[in-house]
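Naming follows writing order (A, B, C, D and E), and every chain is counted from residue 1.
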Amino acid sequence: MSRIGVFVCHCGLNIAKTVRVSELAEFAATLPDVVVAKDYKFMCSTPGQEMIANDIKEHRLDRVIVTACSPLMHEQTFRKVLAASGLNQYLLSIVNIREQVSWVTHDIDEGTAKAKALLNGAVRRARLLAPLTSRVIDVNSDVLVVGGGIAGIQAALELANTGKKVYLVEKNSTIGGHMAQFDKTFPTLDCSACILTPKMDSVLQHKNIQLMTSCEVSEVKGFVGNFDITIRQKARYVDHTKCNACLACTEKCPGKGVSEWDEGLVKRKAIYIPFPQAVPQKPVIDRDACTFFKKGKCRLCEKVCEQKAIDFEQQDTFTTVKVGAVIVATGYDLMDTRSLIQYGYGKYPGVYNALEVERLFNSAGPTGGKVTLRDGKEPQAIAILHCIGSRDKNNYEHCSRVCCMYSLKFAHLFKEKTSADVYQFYIDMRAAGKGYEEFYNRIIEEDVKFIRGKGARVAQSADEPDRLVVEAEDTITGKFIKLPVDMVVLSPAIIPRGDAKDVARLFNLSTDKYGFFMERHPKLAPLSTMSEGVFIAGVCQSPKDIPDTVAQAYGAAAEALTIVVKDKLELEATTAMVNPASCCACQNCVRVCPYGAPFFNETKGVSEINEALCKGCGLCASVCPPSAIIARHFTNDQVLAEMEGLLEF
Amino acid sequence: MAISFEQIEQHLKTEALKLLESGKVILVLAYGRGYDANHPMPYVAKHPSDVDNIVFNEYCTANLARYLTRYPRRTKIAIAVKAADSRAVVQLIQEDKVCREDLVVLGIPVYGMKNFKTGEVIDSKTTGGLYNPVLYDILLGEEVHGQPVSSPYDVLAAYEAMDKEERWAFWQRELGRCIRCYACRKACPMCYCDPCFIDQNKPKWGEKSPESPGNLMYHLTRFHHLAGRCIDCGECSRACPVDIPLYLFHKKVAKDCEEMFGQAAGMSIGDKPVLVNFRVDDSDKILE
Amino acid sequence: MLKKTTIDKLPELAACLMEKGTLVAPVKEAGGFNFRAITDAAQVDLIFHNTILSPKTVFFPQTEDFVRYSVYQPILEAKPVEPEIRPTFLFGVRPCDVKSFEIMDIHFTRTGVPDPYWRKRRDATIIFGFAFDTSEEADPAEFYHTLGIGAADPDGSDVFMLRRDDVLFLKAVSPRGENLLGGLAGLTDAAPDERKYFDDYIAQGHDYKTRYTCVDAEAIAKEFEAIFHNTDFWTKVSNACLSCGICTFVCPTCYCFDICDETQFGQGVRRRVWDACMFTDFTLEASGHNPRTQVYQRLRQKICHKYSFHIRKYGPISCVGCGRCTRYCPVNIDIFSIVEQAVQAKWYKRM
Amino acid sequence: MSFEPKILGIACNWCTYTGADLAGTTRLQYPQNIRVVRVMCSSRINPSFIFRAFQLGADGVLIGGCHPGDCHYNTGNLYARRRLAVTKKILEFSGMEPGRFRVEWISASEGNRFAEVVREFTEQIRDLGPQTKFKISQ
Amino acid sequence: MSENNPYIPMPVEISKIIDEVDTHDIKTFRFTFVNKDDEQKFVYLPGQFAELSIYGKGESPIGIASAPTDAGYVEFTVQRAGAILPGLVTSALHDMDEGGRIGLRGPLGHSWPIEFLEKKNIVVVGGGFAFTTLRSLVKYMLHKDNRSRFGDITVIYGARTPGLLCYKDELAAWEKRSDIKTIITVDKGNETWTGREGFVPAVCKDVAPSPENAVAVICGPPVMIKFTLPVFFELGFSKENILTSLEMRMKCGIGKCGRCNVGYKYVCSDGPVFSLAELEDLPRDF
C-alpha cells in the first residue's frame, strides 16, 4: 500500500502528439495506490521538477513514476529530484513513452493504449520497489591511460599536470602513434613532428607519468575507483635501465626487419628504435628478425654494448597497478585494402595507401621526403581515390571523416614536391571543420583536378604496361572515364585496432558493429563507457581528426579526474544479494559471474556476493534455481509484477 | 546376467563390511528389506552389524544418490550405484555438492531391474543402453555386455511424432493429474534445493493448489532446472503416485541439450553443467 | 433390508442415483482408481481394490475456495464462495475408509470450532460402504485389522455393499440408507440364503487377516511419547524418507491444510489447499525460523501425530490401516513396521 | 474486434533497449503491440518469466539482447543463449507454438533492426492467433 | 457460508497508527469495526490473538494489544517480520495508512486465565515487542472496574534500547500510578536515558517479587525467557504459577490446519497461553 505519484510529460508535442497525455494521467489516477497523477508540458524543466518535489511533500508520496522519455535520458535527473525531496532515489520508475511509444507511431489511439499498458506495468512494479543505499568505497587516485598516441599523450599530460599519477601504457616501443608518422597536418600544414615531439618528451620527463612502452594490459580486475590492472611488459631484450641510447648496437646489427614505422616501405635493423625522435629513445630487439634468435648465433649487439644492456634471456614480466580510473585511447588501423582486389593494392606497385604516402612525404621517411615510386621514378600523374572501403555498404558504412582533408593535403604536397597532375576521385567533399573549406578552396586553386565519382577499378594500362588506369564514372558529366596514371593513392576506411575486441573484453566495453568502442551516450556522455570509470578518447571511439582527438583527450582526462579527485565513491546500489535461507549451495552463481562477485562460504554452506564487484547484471539471479538471489531493483517480484501490469490490458 | 542378484548382494555386503570395519567410510548407502521382498528400501548401514540387513534384488530401483546431499559436506560415504545412479553421483560431483574423495562408489552392473509397483522391467525405459556404472571405485561383479543397447531417447519417438496440439493435450492430461505431493522433486537426486522455487512466496512463481496453471509452472520450470542435469534414472516417474510420465519430458530436454551442447549429463566429472557454461561458438541456430 | 442388483446393471443404479444428486464413485483412470463425481453412469467401476486418493476428497477436497476478492477494491467487496453442495452419494467406500470419516469428524466438527465445509458436505452425503473381497489374498501393505477394522465392517456406512461374483448386495445400515434404498428402482430383494451369505460374510470379515499387531491406543500413545526424543530411532526409521507428501495426501485421516491467496491481475481467491507436515515449509515462519528442518523431525511429527498426539487429544488412533501410505511410498517406508518396532521390541533400548 | 496480439518484450538495457530507443529517436514506425520490460542483461531473464508471461496471456514473447560477444557483462548473453534455447525447446515439447517465442540479438545501434523484428514478429503472432494454451482463464 | 464461517474475516478500519519504536518497524494499529455487529461479536480477554487478514497477501496471527475495557476499538502491535524478505502481511500492513481497511479473524485462542489470576499478586515480565498481550493484561487489570479483583501488580519490562520500548506514554503513566509497580529497563541506555540499565532476568532477580500468592506472566524473546525462568524458580514460584505465551507458525487459528502443534496441543486453539507445568508435559523439541 504505497503512495504513488504519476507524472506524465508532454515533452512539448513530442509525446503529446501521439499520446493523449491528459487521458493517460486520468487513467493513472485509477490505478492502485496512485494518489496523484498529473501531466505537464516538460517534466524535466525546472517547474516540472519542482512540481514533482512539491507533490512528494504534499501528498507524502513514497513512489514516483515519471512517464516521459527513455530512462537512459532523464532517470538521473529525476532521481536527483527524489533525493532532494528526501525520498530514496530508487523509488523512481520511468515509463518510456517517447522513444518507445510516441515516436514510433502515428496513431494516437494505439499510442495512448500502449502508454497505458506501460504505465500500468510501472505502477505494479513501483509498488514493490525498495529503497536502496549505495556503498561508499575508497578511491585510488591514480589513472591508467592505454595507448600512447596523441590522445593518450594529451590525456596523460593533463592528468599528470593536476598532480595525479598516471600510468601510460603503449604496446609499441615508442609513443607517438599515427600522428608521429605524418609529415604535415591539415589544414594548417604545420609539421606534425614539430608539434608532437615536445609533448612526447614531456611525457618522458613528467614526474607524475610512468611511461610503460612495449606493454599491454593483460588483466583487469576490480571496479571503478579500485581497479587492479595487470600489465605485461613484453621482453625487449634490452635493459632500458642500463641502456644509454648510444645506438652502437643498431649500427652493427646484421638482422633485417620490416619497418612498421615506414609502413613496410623499407627495412630496419633487428635491434632498432623506430624513428629518430622515438620516446623512449632506447632500442628493442625484434625477436623475429634477430639473427641470434633465428640461428642461435650472432650477439653482435651484445658485444658492442658497453653498458651490458643487452639481455637475450629477458622474459615478459607482469606488474599490477592500482588505479581509480582508466582512459582507453587505442587508436585505429587502416583497412587492409588488399581484399578490395579491384584497386590492385598489393598487386600493382603503383598503388599506395594513405599512410604509406604520409611516409613518402616525410623527410625522415624511406625516400627522405622525395616523392618517388617504388621503382624510383617520379610520378607524372597521380590519382587519389577517396572512400576506399568506407561509405561502402559492402564494407564499412561509416565515413572515415579525415580522408577528404588529408587527400587535399596530399594533393597539395604532390603539387609542391612533383610536377605531376593530381586527380581526386571523390563521392563528395566533406570539409566541415575550422579552416577546412578554406583549405579545400585553396587546393582547387592549385590546379588539382577533381572528378566527382568513386574510383571503381584500378588496372594495368593496356598501352603502357608500367602505368595504371583508374576507371570511374564522372557523375557530373555522366561519362565513364579511364584515366592513365603512375600512382594511385587509396584513402582506406579507418577501422578499430585489430585487437580492439580484446581491449573491449578486458575493460568490459561495448563496441559498435565496426568494433569502435561505444560511448555511454552519443551526445551526453561521449567519453564515458558502459564500464564505470573507464573512458575513451580519440579514434578508438570513431574516426576523427587531430583537433577532435585532442579535445576528447582533454575531456576524458577531466572525466577521469572527476573520479580520482574524490577520496570516496558511491557504488551502484543495484547489486545482487543472497537470501541465505533459500540458498541451496549449488554454486551456479559462483560459476557464471563474469566479475567473480559471488563466492561460496564453506562455513555457512551458502553463497555470498561481494557487492563491490557486482555490476548488477542479474545473471546469478536467473541461474539460481531456488530464487535465493535477489537482483536488487530487478527482483523477480518486480519483473513479474511489471509483466502482469503490461499484460493486463 | 553374468552375475546374479544374490551374488551382487553378497558382494555388496562384503564390500560394505570391509569399508565400515576399516573406518574408510562412516556410512554405506545401500538397500535393505522393506515390508516384503518385493519392496526393498533404501538403507543406511552405519555399523558393521548393519551389513546383514543389506539386500539387493531386481526391485532395488531407488537412486541412492538422492541421499548424498542429506549428509554434511565431507562426510565419508560409500554408495551403491547402478548405471544411471552413477551418473547422478558424477553430476553431483560436477556441481560440487559432494567431493569425489569423500565417496567410495560401489558400482553395480545390472539389467532386468523392475518397477516394484508394476513389475515392469525398466531397462529400456529410463536407463536404455546403459547397464554399467560410468564411475565406480569397486565394481560389484563384471561389466554387463551383450544386452540390447538402444538410444536412451528411442522411447521418445512416439511423442516427438505428435503434432503440437496432441502434445499439448497429452501434457495437459498428464500434468493435470498432478496432486503436488512433490515426490518427483524429492525422489530426484538432482533436486536438492530447499526450499524449492515453487515453495517461495517472494516471488510466488506458481500457486500451491493442484490446478493446471500452477502444475504447468512447477513442472516446466523443474524441467528447465534439470536441463542438462537430468541423468535419466526415472525416479521421478516411479515415485509419482498418479503415474505422470515425467521422464519423457526430462528425456526430451536431455536429448535437446545433448544435441545443442554436445554433452550428456553426469558422464564425466570434469564436465561443467551445460547451462552454467557456454561456448563462444554456440550457434544461434539453437534459438530457432 | 437387503437388496441386490447385478454388476452389469450397475450403470442403471448409478443413473438412478445421479438423478437424485451427485454420485461419487470409483473411476479407473491413468495411474489407478480414484473417487470422482460421475458424469457418465458407465464410469462407475467396482472391480477395484482401493483408490489412490482416499475418499476424504469428497468432504475435504484438495482445494476449497473461501473467498473471492479484488486486491484493489475495499475488503467489503470480497465475496465468500458458496460451495455447491448437493445431495451426494459416495459409492463404494472400503470399510477402513468409512472408519476414517468418523475419526475426521472428531477433528473437523465434533471438537472446537466446527468446520462448516466438512460439516455441510458430510451432512449432504450418503455413504455406500463396500466390503473388501475376502477371497483375494490380503494386500501386503494393508493393516486395518490392527486398528480393529474388519474387511466387511458396515459401521459408519448408510448402505453397505458386498459383491458376490456378478451380484451386488446392498444393505441399508442407517435410517437414511433405509430411506434411500427403499426408493431406488431396479433393485430386487435378496433371497434368504443370500441374506445369510451376506451376514456370514460380514461376521467373517474380522477373520480376514491383514497384517496385525496388538495395538492399544492409550499404550501406544505412551510408547511414542517415551520414544519421542530418541533421535537415533527416528533417524534410523527416516533414513530412507524422501520427505515428499504422498503419504499424507493419500491418507484418509490427514487433515493438514494451508490457506493461500491466489491472485492474478488483482483478482484472487483465498482457498485452503492440502498441506503436508512432511514439507519443509510447513512450519517455516515468516522470520525464517523453522522448528522442523530435519527429515526425522517431520516423519516423527507425522507418525506421532497419528499414534500419539491424536490419541491424547481426541481419543482414537488417527489411522485406519488402509495401507495407502505404504503402498504409494516411493521408497517403501512402512508405517506399520515403524509402529511395530516402537511397540513390540522396545527396539530403541538396544541401540 | 480484430485480434490485437499482446507481445511482451524483455530487452537488455545496454543493447536492445537502447536500440529500441534509437528506433524512436530515428522515428521508425512499428506496431504498438509490444510492451517492453527493461532488464540489465538478457541473462537476467529467468525462464519462468517466459512461462509466466504466457500464463498472463502474452500472445508472444520477444527477448532482445546484445549480440554474442558484445554483452555489456561480457558473457551474460552467452549463458542466456543456452538457457533461452532450452526454454524454447521446453515450450515446444509442451505443445506451445514455437513461433510465439523469439530471441533476437539487437545492438544499441540497430534501431532499424529492432523495428523490423517487431514488425515481423507482430505479424507472425497475428497469424498464429490468440495464445490460449498457457493463458490462465479468469 | 458467510454466516459464522470461522475462515472469513470481518472488515475493520485503521483508525490510528502509532509508530512505537525508533527503528520504525513496530507499529500499533488501532482498528474500528466496519460492521457494528462484528464489534458485538468480538468479545475477548487479554492474551487472545486474532488473524490480521489482507486479501492477496495472507493472514498473520497477532496478539491483541488493547484491553477489552477499551471500548470501540481493538489494537494490535505489529512488527515488520523477516530480515531479508519482509513478511507479506506485516509489511503490507506497515505500508498502510489510517483509513485503510483490512480483515480480522478472531478472537482466537485462550486468554490469560483471568479467573485464576484474580485475588493474586501479578508479576508481569515482558521483553521487547513481545509485550503486547501483557500490555493488554495490565490495561485490563488497571481498569477501575477490575483493579480491585487483583492483588499487587508488578510490571518488569525491558527492551534493548530506550528507543525500542513500546507504549512509552503508557509506561510513563503507569510509573506515576501508585497501584502498580512499574520497572522499566534497557539493555543499553543512551545520553537521555535516566532509567534502569540491565537485562530483564537480572532485573527480576534484583526486584525479587515475592512468590507469595503470586503468578508470574512472562513474555519475551526465547533467550529472555530461558534466563528469566530460573530466576522465578529460585524466587520460589511454582510451575503452575508461571505463565507464558507460545508462538508457532499458524494458519487457521482454530486448531484445524494442523501446523502449530507442540505435542498434542495446538498452540492456536489450546494456547497460546500455557503454564510452565503444562509445557513440561509437551515435548521440548517439536
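The rule is simple: a residue touches a chain if its C-beta (ideal position, glycine included) is under 8 Å from a C-beta of that chain, and two chains touch if they have at least 3 such contacts.
Keep in mind that this is a model prediction, so the values were computed, not measured.
Engineer: Within the chain touch network, how many edges lie on the shortest path between subunit B and subunit E?
Structural biologist: 1
Engineer: Of the chains shown, whose Cα mean is nearest the mean of all protein Cα atoms?
Structural biologist: Centroid comparison flags D as closest.
Engineer: Return the chain pair with more inter-chain C-beta contacts, choosing between A-E and A-D.
Structural biologist: Greater number of contacting C-beta pairs: A-D.
Engineer: Computing the C-alpha centre of each chain, which chain sits at the greatest distance from subunit A?
Structural biologist: Farthest chain from subunit A, going by C-alpha centroids: C.
Engineer: Report the inter-chain centroid distance for subunit A and subunit C in whole angstrom, where each centroid is the mean of the CA atoms.
Structural biologist: It comes to 72 Å between the two C-alpha centres.
Engineer: Between subunit C and subunit E, what's the gap in Å when you average each chain's C-alpha atoms?
Structural biologist: Centres of subunit C and subunit E (C-alpha means) sit 39 Å apart.
Engineer: In whole angstrom, what separates the CA-based centres of subunit D and subunit E?
Structural biologist: The mean C-alpha positions of subunit D and subunit E differ by 52 Å.
Engineer: Name the residues of subunit B that each touch 2 or more other chains.
Structural biologist: Counting only residues that touch two or more other chains, subunit B contributes 194-195, 197, 202, 205, 275-277.
Engineer: Show the residues in subunit E shared as contacts by 2 or more other chains, in ascending order.
Structural biologist: In subunit E, the residues touching two or more other chains are 84-85, 88.
Engineer: If I count partner chains per residue in subunit C, which residues reach a count of at least 2?
Structural biologist: Residues 71, 258, 260, 264-266, 284, 288.
Engineer: Using the touch definition from the top, list the residues of subunit C that touch subunit B in their complex.
Structural biologist: Checking each residue of subunit C against subunit B gives 29-32, 52-53, 62-63, 140-141, 211, 236, 239-240, 242-246, 249-250, 258, 260, 262, 271, 273, 276, 279-281, 284, 295, 326, 328, 330-334, 336-337.
Engineer: Please give the residue numbers of subunit D that touch subunit B in the complex, ascending.
Structural biologist: Against subunit B, the touching part of subunit D is residues 47-48, 51-52, 55, 68-69, 75, 78-79, 81-98, 102-103, 105, 133-134, 136.
Engineer: Please output the residues of subunit B touching subunit C within their complex, sorted ascending.
Structural biologist: 34-36, 38-44, 62, 66-67, 70, 116, 173-174, 177, 179-183, 185-187, 194-195, 199, 207-211, 235, 238-244
Engineer: What part of subunit B is in contact with subunit D in the complex they form?
Structural biologist: Counting only subunit B, the residues touching subunit D are 159, 164-172, 197, 205, 213, 216-217, 220-221, 223-224, 227-228, 249, 252-253, 256-257, 260-261, 274-280, 282, 284, 286-287.
Engineer: Along subunit C, where are the residues that touch subunit E in the complex?
Structural biologist: Contacts found on subunit C: 66-67, 69-71, 74-76, 78, 80-83, 107-108, 111-113, 115-117, 225, 228-229, 255-261, 263, 266, 268, 270, 272, 275, 277, 282-288, 291-292, 297, 301, 305, 308-310, 312-313.
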